[in-house]
Amino acid sequence: MRAVHKIKSNSTTRFIFFIALGIVLFLLSNRVDELRVYQGAEIAVYVIAISSLILLTGYSGQISLGHGALVAIGGYAAAVANINFHVPIWLTFFIAVLVSALFGALLGAAAARLSGPYLAGATLALAVGLPSIANQFTVLGGEQGLTFDAGMPPASLGEDFTVYKWNFWIAALATLAILWLLQNILRSRYGRTWRAIRSNDVAAELSGIAIGRSKVLAFALSAGIAGLAGACLAMLVGTVSPSAFPISLSFSLLTGAVLAGVTTLGGVMIGAVVLVAIPEIADAVANRFGGSESVTSNLPGLLVSALLILTVLLVPNGPVEQMRTIRSRKGVASHH
Amino acid sequence: MSTNQSLLAVKGLSISFGGLRALNDVHLEIKQGEVVGLIGPNGAGKTTAFNALCGLVTPDAGEFFLDGTSHAWPQTDTLVKLGIARTLQGVGLFSDLTVLENVMIGAQRFSSTGLISAALGRNTKDEAQLKERAIAALEKVYATGIAHRRADTLSYPDTKRVSIARALVCEPKILMLDEPAGGLGAQDIEWMNSLIRNLTATMSVLIVEHHMDVVMSVCDRLYVLNFGEVISSGSAETVRRDPAVIAAYLGTGA
Amino acid sequence: MMSLRISNLTVDHGAIRALDDVSFEIARGQLCAVIGANGAGKTTLLRTLSGLKSATSGSAHWNETNLLHGKAEQLVRHGVSHVSEGKSVIAELSVKENLDLGALWRRNKKESAETKTFIIETFPRLGERLEQRADTLSGGERQMLAIGRALMSKPELLLLDEPSLGLAPLVVAQIFQAIRDLTTSMGLTVLLVEQNAMGALKIADTGVVFNLGKVVANDFAPALIADPAVRAAYLGY
Amino acid sequence: MIVTNRRKFLVTSAALVVGALTLSAVPSQAFSPRSVDGVTATSIKLGITIPMSGTASPGYNKIPGAMKAYFDYVNDNGGVNGRKVTLVVENDEYVPTKAVTKTNKLVLRDKVLALVGPLGTSNNQAVAQKVNPGKRGVPVLFVNSGFSGFANKAKYPTTYTVLPSYIMEAKIMSAYIKEKFAGKKLGLLYQDDDFGDDALAGFKQSGVDFAVKVPYASGSQGVATTPGTWVSALAKGGAEVVVLFGVSSATAAALYASYVGKYKPQWILGSVGGDATTLAASKIPPSFLAGAIGTSFAPSPADATDDYIKLFMDVNTKYNAGVPFDNNIVQGMNTAFLTVQALKSAGKNLTRKSLMAAIDKNGSKFASAGLVPLNYSATSHVGYNGYWFGTYNASGALVADGGKYTVYTTDSGSGAVAKSTYTRPAMPAKGLPN
Amino acid sequence: MYELINTTLIGITSGSIYALMAIAIVLVWRSTRIVNFAQAGMALLSTYLGYEFIRIFHSFWIALPLAMVAGALVAALIDLVFMRLLVKHASQGPIAAVAPIIATLGLLGVIRAFISFFWGNQDLAIDSPISNVGYTVGTHTLAISPLKLAILIASLALMGVLTLLFQRTNLGLALRASAFAPEISRLAGVRVDGVRTLGWALAGAAGAAAGMLQTPNGTGTLSPDSIEFSLLLVFGFIAAVIGGLESLLGAVLGGLILGLVLAFVLTYISGSLVFITGFVLLIVVLIALPRGIIGAKGARRA
């Protein structure tokens, strides 16, 4: 019975924590300037997208070099639903999740049969190929893309309430909801199952786990979350177009996931903040040393890539997991 | 409980790998509460037979009987539902999960939480129940003390305990043990013997084992495989005296 | 005169101690059988001696060569050849290529050719199948090829890991006989790891018994066969 | 168990709070209450978003350097009413998401007085939709896009176009074709998006029929792989005169493929893709271009007799490290020139409002390198509205028909095409606007 | 009819370049079990170096082998200072399986940034060394030109040389053995680390050849974000996987099949669908033949 009590209080703590987090974010959004609010919204979008990759790669062990494609599907689904079917904005976010998840399930069914480099290459080919499909179908708006207007903040919030703050609220709410739900799932038997498959698929199968189904579920779920990130991104930029989802977006997300530590949700903020902060840091560095335009414009790419390599070499499981391992090693050592 | 009731039977099991015949027309039978041993030289087909029973290898031919009735050849992931659990030789733990989590994976057939309830955190009872089952299973193998260690930090004998706990936790009718005594010291082997003996109250056990001490002391019945065929079967005494077995396996010489 | 000297050798496998303070010696020209249960550390011993695995502490020398400081590909050049578990041949290559592989590093091509001729004389079955892919061979032939490949490197110390694995009794007998003959005719020193304890001890000069990474007995082979404790634990009864 | 969970929460929440605090702690640009956004007693700050790296960057990434060079020249000669002009360049990699992010930075953090010459139709649309400079009152001057929609003052109240729109271009071309190639079989190769659609609308309105229409997929991917098929389709349709309405990489590819395939129609190249220097940079030998007809609103970069070209060449040598002189440099310098003139025209009391008012009031009289009129007024934000035609010579330079620039003008609506008698104002002394 | 012939010819020439890239990917895969997503970046870097050689020696045909040598050196250096470290550090733990993939992606980014720093983001040009004007049959112009023919011949020659090297020489034996069974090879005295570096070097040379030949055949220009090289990155990989990742012959067949399929989709369906066609082809082949067209049996699991 004590065990039950512990778990229960645990889950309640978690819920309260997320509510508290929401309040902190709310207070922050009122204190900082508009640019920071916008960047906060960007971070929120990245957090959602990166956590979907963590679920897929870190937990179920399937790599995706093309998550940008799934983000794109979410963005387009939201825009098309809004423009062609006049679906209210709040509902388009759910549609984005559903459509991407559906596509993810299809992709996952193929992916479950592929491993390591094969899956990596297939998803890469998808990310390169998918956006150009928009040119083929007029409903997707071709190269110019579609407008996605998430609307103005309600008048009741006052004159000073900016669109960015409104978008930040929506994105932050989506992020908190996703993180809370995902945490719960990853701590449940589903998360355990994925980690078991990643660790030893034969043993997992012998323990009664249907591997294929589990992997497809992970892919669909991850795609759904990526789709939500896509809808939020579309809201943030106001449009969806093929060039908004370049292959570099997929690489950025993967980088964010690696920097966050692929195997844990704990560091997801780190990854997202780094992605948003890097261009600024690069600007600062370039200005400091009076670099030319070619240095300034290529420094972010260099920094991100170098960080990626260093992380893989030095802290392959990410900074948070690394700290935890060190601490638990110390703990084990002291027990003996 | 009648001891004559055949719990699991395999008839006419044949498997070949690229022209090489690994198993040829093998018949196996396990009765209620029995400990059955599968022995034979390395490469005789014991592991292949085990893998076939678990659906890890698809047989070329063979019939599968459960409780005396014919049954489609099982898929690996449905085995647990049929009441069959198996340990793997040495390497079967999920290395980056804790011991408790490892065993909870085995208990998952008792979990009914759907994805949505899990996402909403409405799985506390279910989780607690799994945890209780897992701890109970760990108690059976005296491993509760290591419940929160990561599996890859365990000593070899401890990994064996955990893998048995993981198999036990799903309350199987048939437990398949792949070299349970392999790599164990004398004390641990003794403990393993008594554990296996105690298990027969609730389940039947099928073991592959090299260690003759273990085999001879725990098994009610033995099948001796050589070159993919059953060359002898019966009680330990019978098998031990079988000249064919002496020549092929036990031997007095090479 | 002792030529393989192992003292206080300890090897860890992650958190698991695979070899624990192992010490023993083998004289040049002797065939030593290493026996013990699965997981006793026998394979780890061979992998450590051939440079595939690094030791935690202790020392191991073959004549003047420190075996713990060399990589596998260097130790071969110092006369140490290791036939790893499970018929260590490369399935995708032909028999001839497998043999040639063992002598790629040797400068003197004439000598290599002579070694090859000698191996084909020793295992005529290989000679008949030179152009076939190795995975078309039977188990016994593969084991012969694995040993032949090791001999191509002109070894002085031969490390054999379970040559009898999965072979029919008759073939096992042939392989064991060949090992015995080669030891004598080539003046090899052989460390033979075996599950088939009785078979191995019968052809060996000395024997080492392992349990859980420790040496529990080390004596002349006939003495071990006669030892009731060893008989009970490792030789069936 | 609970301990580890708490720890995880702590780590996550610490990261969150630290992140949030960092965000709030970093000071936004020091704000002195008496100053106007982007203007101090001694400086004027402007911003541009443009691809500096990435697939779309070659060529375009020379524009900011040229603009800076001209601003430096002005600054060295006393600046604008005593203020030095600086340009903040943000690389958007031609990705709308980044254009929005970077424009936010320019507007919200750098607080630039105005955006000058931001490039790309979809990027500008995304920025207009999201950053909404119109609502914020931030001028978006001389957008580098031919999309006719940007001239819609109601929708984009602070945006000023400079390039003649694609519709204008199509209408003018139609008139030219009717005049010179009546009765010939026509072909059209166009980019399959808003850009091409604008052109199609223009041709349709002018009643020009094409025997063969070959759309090519935009988004550069199609370009590298398809030109052979475009050309064979055109050849199969028997087109004698082919209008090419695409980007310069597509032009280069098409000319190359027609050369390889020995297909020799009369090419008429649109202004976007017909830029000889960009084509030359793509290593299309000038001989491929020879004989093709092209359009422009500015003097040819090769025309060293032109006052402006001479000025720009000088500035380029002194202030831009002699980067190879081409159309992109001309465009960048001309944009900077117009900007300086607008700033001067706004007077000492420079604000966003006064800047736009100055353009509305005096814009149509601004001096510039352009050979066609500017149409800024209280009711119009349309810049240049016409083109002249020429033929590429053997060295790849566009030479005006008959040795003099004949300018056609029109509008983006239903207005007629007319031959213009416009003569541009003389270049102010030393190339410094008054 | 001529459209059909021309489409086929276009497919074969572009396919032969994909095949070169696929060969490079297969070489690295076979020697290190790493799919090198940085291969296209390395090819781009070698092509930039080739551009410099052309400026120095004023000859494409001198620059081509020099670029290949440079490509080999760059690749060897990358293996020595980077991949060996990676194999040592990141070969354990939950992300061990994906770490090399991620690391090579990082490498791709570093190489691109490096190129931009040195050569800027402007287009550079590599002129076609020989005519790229199609041969004429009657009144029709074929889509095969002296340049394309040279590319085809160069690709085939390189494949031939590599095949001979692999099948007929001691070095080839060491390369094959190290790939199939590194441990046994080490026990046989093969310096596997060195052999792997050599595998990288060969791949670097093949990639350099692909880059040098593709550039004049395509738009003739070179930029850090060149589309040509995005094509090589994705299509080279797809060709290699279709071919089974294990065999040089498979890589060649994979490249040609891919080239032909893409050419036909382009001509008869739509240019917008080219990239997604690559994806679809990859998925179809992998599901029908999980080990690719060659090596369905001989190939091993990763």
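By letter and in written order, the chains are A, B, C, D and E; residue numbering begins at 1 in each of them.
Keep this in mind: a contact is a pair of C-beta atoms (placed from the backbone, for glycine too) under 8 Å apart; a residue touches a chain by one contact, two chains touch by 3 or more.
According to UniProt, the chain labels map to these proteins: A, B, C, D, E = Unannotated protein.
In this text, all values refer to a predicted model and were calculated from it rather than measured experimentally.
Path length between subunit B (Unannotated protein) and subunit C (Unannotated protein) in the touching-chain graph (shortest route): 1. Taken together, subunit A (Unannotated protein) and subunit D (Unannotated protein) share the touching chains E.
Of all chains, C has its CA centroid at the greatest distance from the CA centroid of subunit A (Unannotated protein).
Remark: among chain pairs C-E and A-B, A-B carries the greater number of C-beta contacts. Centre-to-centre spacing of subunit C (Unannotated protein) and subunit D (Unannotated protein) amounts to 76 Å, using the average Cα coordinate of each chain. Chain centres here are Cα averages; for subunit A (Unannotated protein) and subunit C (Unannotated protein) they lie 53 Å apart. Centre-to-centre separation of subunit B (Unannotated protein) and subunit D (Unannotated protein), using mean CA positions: 74 Å.
Between subunit D (Unannotated protein) and subunit E (Unannotated protein) the centroid-to-centroid distance comes to 37 Å (mean Cα coordinates, whole Å). Listed for subunit D (Unannotated protein) are residues 1, 52-54, 61, 217, 221-222, each touching two or more other chains.
Residues of subunit A (Unannotated protein) found to touch two or more other chains are 14, 132, 135-136, 195, 199, 263, 294, 297-298, 301.
Residue numbers of subunit E (Unannotated protein) whose C-beta contacts span two or more other chains: 93-94, 116, 121, 224, 270, 272, 274-275. All chain pairs that touch, listed by label, are A-B, A-D, A-E, B-C, C-E, D-E. Interface residues of subunit B (Unannotated protein), counted against subunit C (Unannotated protein) in their complex, comprise 41-44, 90, 152-156, 179, 181-185, 210-213, 227, 247-248, 250-254. Looking at the complex, you find that subunit B (Unannotated protein) touches subunit A (Unannotated protein) at residues 54, 56, 76-81, 85-86, 88, 91-97, 101-102, 104-106, 108-109, 111, 113, 115, 118-121, 123-128, 130-132, 149-150, 153, 166, 170.
Those residues of subunit E (Unannotated protein) whose C-beta lies close enough to touch subunit D (Unannotated protein) in the complex are 3, 6, 10, 14, 116, 121-123, 125-127, 132-134, 136, 141, 143, 145, 218-221, 223-228, 231, 262, 266-267, 270-272, 274-275.
Those residues of subunit E (Unannotated protein) that touch subunit A (Unannotated protein) in the complex are listed here as 29, 35, 37, 82, 85-86, 89-90, 93-99, 101-103, 105-110, 112-114, 116-117, 120-121, 224, 230, 233-234, 237-238, 241, 245, 270, 272-279, 282-283, 286-287, 290, 302. Across the interface of their complex, subunit D (Unannotated protein) is touched by residues 6, 9-10, 13-14, 17, 20-21, 24-25, 28, 31-36, 38-40, 42-43, 131-132, 135-136, 142-145, 147, 149, 163, 233, 236-239, 241-244, 246, 248-249, 264-270, 273, 293-294, 296-298, 301, 320, 323-324 of subunit A (Unannotated protein).
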